[in-house]
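The structure under discussion appears below in the form of structure tokens.
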Amino acid sequence: MSDAIPAGWKSEDHVLYADASRQFLAQEVSPHIERWRKQGVVDRELWTKAGEAGFLGASIPEAYGGGGAPRSFDAVFFYEHARTGDSGWGVAIQSIVSHYITAYGSEEQKQRWLPGLASGERIAAVAMTEPGCGSDLQAVSTVAELENGQLRINGSKTFITNGQMANLICLVARTGEVAGAKGVSLVFVETEDAPGFRRGQNLEKLGMKGQDTSELFFEDVRVPESNLLGGSGGHGFIQLMKQLVWERLLIGVVALGAMDSMVEATASYTKERKLFSRRLFDLQNTRMKLAEAKTKAEVLRSFIGDCLERLDRGTLDPATASMAKWWGSQMQCEVADECLQLFGGYGYMAEYPIAQAFSDARAQKIYGGANEVMKELIARSLDV
Amino acid sequence: MSDAIPAGWKSEDHVLYADASRQFLAQEVSPHIERWRKQGVVDRELWTKAGEAGFLGASIPEAYGGGGAPRSFDAVFFYEHARTGDSGWGVAIQSIVSHYITAYGSEEQKQRWLPGLASGERIAAVAMTEPGCGSDLQAVSTVAELENGQLRINGSKTFITNGQMANLICLVARTGEVAGAKGVSLVFVETEDAPGFRRGQNLEKLGMKGQDTSELFFEDVRVPESNLLGGSGGHGFIQLMKQLVWERLLIGVVALGAMDSMVEATASYTKERKLFSRRLFDLQNTRMKLAEAKTKAEVLRSFIGDCLERLDRGTLDPATASMAKWWGSQMQCEVADECLQLFGGYGYMAEYPIAQAFSDARAQKIYGGANEVMKELIARSLDV
Amino acid sequence: MTTDLYASSEHEAFRATIRKFTEQELRPRAREFDEAGRIDKVLFKKMGALGMLGLRYDPEYGGAGLDWSFSAVMHEELGRSDNAGATLAVSVHTEMSTPSLAQFGSEELKRQYLIPAIAGETVSAVAVTEPDAGSDVSAIKTRAVRDGDDWVINGSKMYITNAANADWLCLLVVTDPDAGYSGFSQIIVPTDLPGVRCDLLDKIGLWGSDTGQFYFDDVRVPVSNTIGDVGRGFQQQMMQFQDERLVACISTLAGAELLWEETKKWTEERILFGKPLSKMQNTQFKMAEMWAQMLAAKELGLAAVRALVAGEDATKTITAAKVFTSNVAIDVATACLQLHGGYGLMKESMAGRAYVDMRVATIGGGSDETMLQYLAKQLGF
Amino acid sequence: MTTDLYASSEHEAFRATIRKFTEQELRPRAREFDEAGRIDKVLFKKMGALGMLGLRYDPEYGGAGLDWSFSAVMHEELGRSDNAGATLAVSVHTEMSTPSLAQFGSEELKRQYLIPAIAGETVSAVAVTEPDAGSDVSAIKTRAVRDGDDWVINGSKMYITNAANADWLCLLVVTDPDAGYSGFSQIIVPTDLPGVRCDLLDKIGLWGSDTGQFYFDDVRVPVSNTIGDVGRGFQQQMMQFQDERLVACISTLAGAELLWEETKKWTEERILFGKPLSKMQNTQFKMAEMWAQMLAAKELGLAAVRALVAGEDATKTITAAKVFTSNVAIDVATACLQLHGGYGLMKESMAGRAYVDMRVATIGGGSDETMLQYLAKQLGF
């Protein structure tokens, strides 16, 4: 009944790209998920393989080693990735950082970093959150002081995705005298060339076990002033805000992929499982719950499709992206909960994909801006 | 931020039609809503005015006095109608019945009935539900027996929209020997020519006060055999099933219109209302609830848009239409409840549109097939 | 399970009396009250004769001198009237408009107003809320200015229950606009005084309840009609909130329980796709879920009653019970209506009326928002 | 509010003892148990010495001969261990694997197994569920065939708590496949017998609990290890469900209450956009709402305890409490995690662990679906 891709993806190219994505993921991701969960991080080669196959740089301009496609192609890939059930590979961050550079980077910065991001030679991280400050940019205390044409960085960051593997860190730091959110800048740190930079332990999380999430420490780390995104400081807040639309929509895209995979798995399981000599699927409660879950996925699919169209047209506003983020993650968590319930005891066993999907889903309501923050942004759009 | 019409309505013609609809409704509906609620029925002239203006027959083929447009144009009109807050005018029934005739009627039937439906000279009703049988076609007991080229009808129907005014009744009756759902047919009754036909009282409902809803009684009513839809009996079940897709999608369309109107009214009210010397809108709880309601509307908008596209392309399947029906009505009721709450005591006063919207909304989860039935249909689509 | 509270034979006998009254005088006439938009005023006299209107009041004035457990029993039974408006009419009279008078009124005032109220010869209403001051009681503006031995009252009061039946109002007014929380007073105002006007309000439910808006235009009442001390009105008004909220919980829940029972019967009789609706898993799950929710609400209410009987503070429990029970009742009404299908949308169906009646629960007597804010404060936020 | 139930000085002293034990022996080691995947077996000896493991059992075998109110107090306090797995380990031993033995076991069997279990010298587990028979106990297939004076057992049991620590299992098996509900028996099976094998299971939460799958391959135990009569196993097993479910309600709720308290502190300390998270309306509403829900669950549980103490049937109340409390606990954990933001996703945070621990509540010990079906049946559907 439903298309395998969001209804909004109507071009033939998207469909072809989805096919290619699935093929790549079936080979390079699905067979390894369990191992990555055990090792707490994906394989380094995954990045370069994906780079070679063109999946990392699809929306990076061709001039910088990318595919020059609209971002909806990245969304296709992330949707298909989420459908595999893997939550270890922090590949969406790569796209987010690439677009910071594409949008605001100087020519030199684009040439320096984008080809590596496209090839997988570079792995990106965004270092925003600090211990004790969540979504609150005003409270950033990591400092990058200008000293002889260099920025001297001191501070620490936490909950950083790709924290163990990233070698290009997009750091949110305070550069000027200005207090509050407006005094922050984005500074790129190439980790191979940054004495004083240190990674903390791979943090133990409730879910997303295959993803390396870490604290990062900066102690008198020096980078050239030219590592300031766009070449000058104080624009971090605006830069972050403008790109958050993409980041937030991605969370909705991932939610949709996860939901499709959960509904499919649960429908299969309940058809196999016998209870009191009937299929679990045949009980009215099961049918209602599955119908509800399926509806949530289909309705979200249409919304994500519309958002992607607007994204490519450049008309996706922050409030709508916030809706995709909070609604998508909310629906994902509800569907995860209901599906797990239908698996009974098995749903609680860590080896079952549905159990992992449940634990993985929870983070989506928090990162990328807590859902409460999303609602606040939507409310602001109503106050006009 | 959002378009005033579903994102799926992308043609210029739809937008123009929406404008024209709004203009007509502002003049012919909005000023009269309160009066219709008091009299329990809309004015007879509303039908003919709407017919003259071309809104009743937009999707009826031109050969039969209609506009020949796709049904999405009707949806535009019903969406705009719902936004006015009126729930009295049972205009959607007109479209549903027109499409029974367009799809299954003989040439003679089309010529006989469609022009009147397009002009508003005829007002249609669907007489399906019987006392004691809800969504269950198997239990239909109204009988239309063939006697000398005539059908002799006996039985009674209840909860019939347009029950007081309708002069063309699409009646679900048992015609053959066959038991169960397959023995039913659709028979048209022209009430001006039907001795033995009687209308019950205008039923008192919780909401939808401006709509005439009645019992209908048939006692040895005789109509020509040629009033069987399509000319022969026993096809009622299939005919109903196929058209239900349209009927169910309409309920979702109406839900969207109602939600937009409620969110708008509640945002305005909370901005005006002062509480402890702040705007009610400024309280965090208000902001969250409004953001949630707005999100529900936007997400539904995308889904309805997709459904309408599929409808016009002829690919809208029953499961997806069922989603539009149950999800739309569920969201409408949730939004009505939350919005009413934000109005406080005023929300409970019958003169406030939000109070009416709350009472009106409740029926949407029941008619057109109870939401539980919708979920069952969706579940079936998953059992493949 | 509740043996500790209602075990005595007095309780049982009392319950039987109220049940009989409800079944004979209220339920059969429930639709008639809807049509009339109020209950028959004669019923107050009957209730007075049965001793129902002054359960916890001093026998000196006709009260029964009983404890809270009897009030709970009474409202449990009255809640089964099949007309939430009728139930409300009584509880406003017993728990909202007379308590301050009974507790703080002068001897003279009690003789003049409390005795007939307990006897059911007069009907009372409480007038606090104003059009522009919903949950925020301190924002009321209706003003009483002293002129000799009279108060001269101007202003307006909103959402007044018993508006048509009431003989007098327990009116909260501002007597000193500069005195903050010490600037309010409670004054008894007969409704037949010159300058008192009332418009009845049309509601989406609670049709059996006469709700109105009062206007006061230079209304004169003697200063001796002030309940308790001038300037203590706000505090006196606040003191009775716990009682009235608990009564709201009890009668709302009783209505939900009655609806659940009737819905059970309906599902047993209703045949759908060849079998009774009651045999479908969805029906059974929904009904069981509701029952569990209602039992939780019941126990919450009983905990509060137990505390009041023991003379303990029950503020947190009652505040929690108010928000919890209101939402349970609305959920029960929503689900029961759904199980009734199209018939549930008809004004004549119990499910339909309960749906619109119950909706007021999270708004009246302290809205959910007010309750949550208040509870949070009590919890130390 | 609960004065009627826990008022005695014995209760207070007992509560103090358990609280001290929980705070000194369990909470400080909560993370250690997670790492180990089980609690330190030595703790059972300590609990035995404190008299915690046989509260309602006959003093003849080392029990304390107390009533249910003491069990309730104990599990309320153990529920605050900050490790739901640790809490569960104890309640399985006291409420699931030993009750049948204590009630139906032969004198010999009680001397051999119950006395050391009450003393905490041995740890027990109950083995009922099988891989293909979740909620449907009657569908189990593990088979014991009589061979002289021995049973020969073959089959497998799933989701067994205390799998690593257990010295013996209270095993439900089929002894006569043709006898329907009279074909089951409960047999004590030491875990160190030849043919007994156990795989530990990896769960998304409850990390401090050793959950395993047992395999039985021609395991021989004397027929005298049968608890009560051969063929009465199903009935004996069913009898203890009420107790174990009520304990689950009590300890789950206690865990939720602890989490709520810790979350309150967190919101007071956490500064967001310039003010404490605790001062935001959303936080206050959510916290107040949770509190009301938890209080309702609490009162529901107390009603059941009160009934058991009075010797009344509490089946409906307990069934309702099980489904209600489980959902409240999950909702509380979900909301508290959200208030913790990113930190809540870390394994080290109480909110995060509670979120994954609590999730089992609607599945284990009778899933929501089983409870609702069962409750509906009791309500006459």
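As written, the chain order gives the labels A, B, C and D, with residue 1 at the start of each chain.
Quick note on the criterion: a residue touches a chain if its C-beta (ideal position, glycine included) is under 8 Å from a C-beta of that chain, and two chains touch if they have at least 3 such contacts.
Note that the structure is predicted; figures quoted are calculated from it, not measured.
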item: More contacts between chains, B-D or B-C; value: B-C
item: Chain located farthest away, centre of subunit D as origin (C-alpha); value: B
item: Geometric centre distance via CA averages, subunit D-subunit A, whole Å; value: 39
item: Gap in Å, rounded to a whole number, between the CA centres of subunit D and subunit C; value: 43
item: Centre-of-Cα separation between subunit D and subunit B, whole angstrom; value: 53
item: Sites on subunit D at which at least two other chains make contact; value: 281-282, 285, 369
item: Contacts with two or more other chains, residues of subunit A listed in rising order; value: 284-285, 288, 372
item: Complex contact set, residues of subunit A against subunit D; value: 129, 132-136, 138-139, 158-159, 203-207, 274-276, 285, 333, 340-341, 344-345, 347-351, 355-356, 358-359, 362-363, 365-367, 370-372
item: Partner subunit D, residues of subunit B touching it in the complex; value: 283-285, 288
item: Interfacial residue positions of subunit C with respect to subunit D in the complex; value: 1-4, 264, 278-279, 281, 283-285, 287-289, 291-293, 295-297, 299-300, 302-304, 306-307, 310, 312, 314, 316-317, 319-321, 323-324, 369, 371-373, 375-376, 379-381
item: Residue ranges of subunit B touching subunit A (in the complex, touch as defined); value: 1-2, 7-8, 267, 271, 281, 284, 286-288, 290-292, 294-295, 298-300, 302-303, 305-306, 317, 319-320, 323, 326-327, 372, 374-379, 381-383
item: Residue numbers on subunit D that touch subunit A, as the complex places them; value: 129, 132, 134-136, 139, 158-159, 201-206, 270-274, 282, 334, 337-338, 341-342, 344-348, 352-353, 355-356, 359-360, 362-364, 367-369
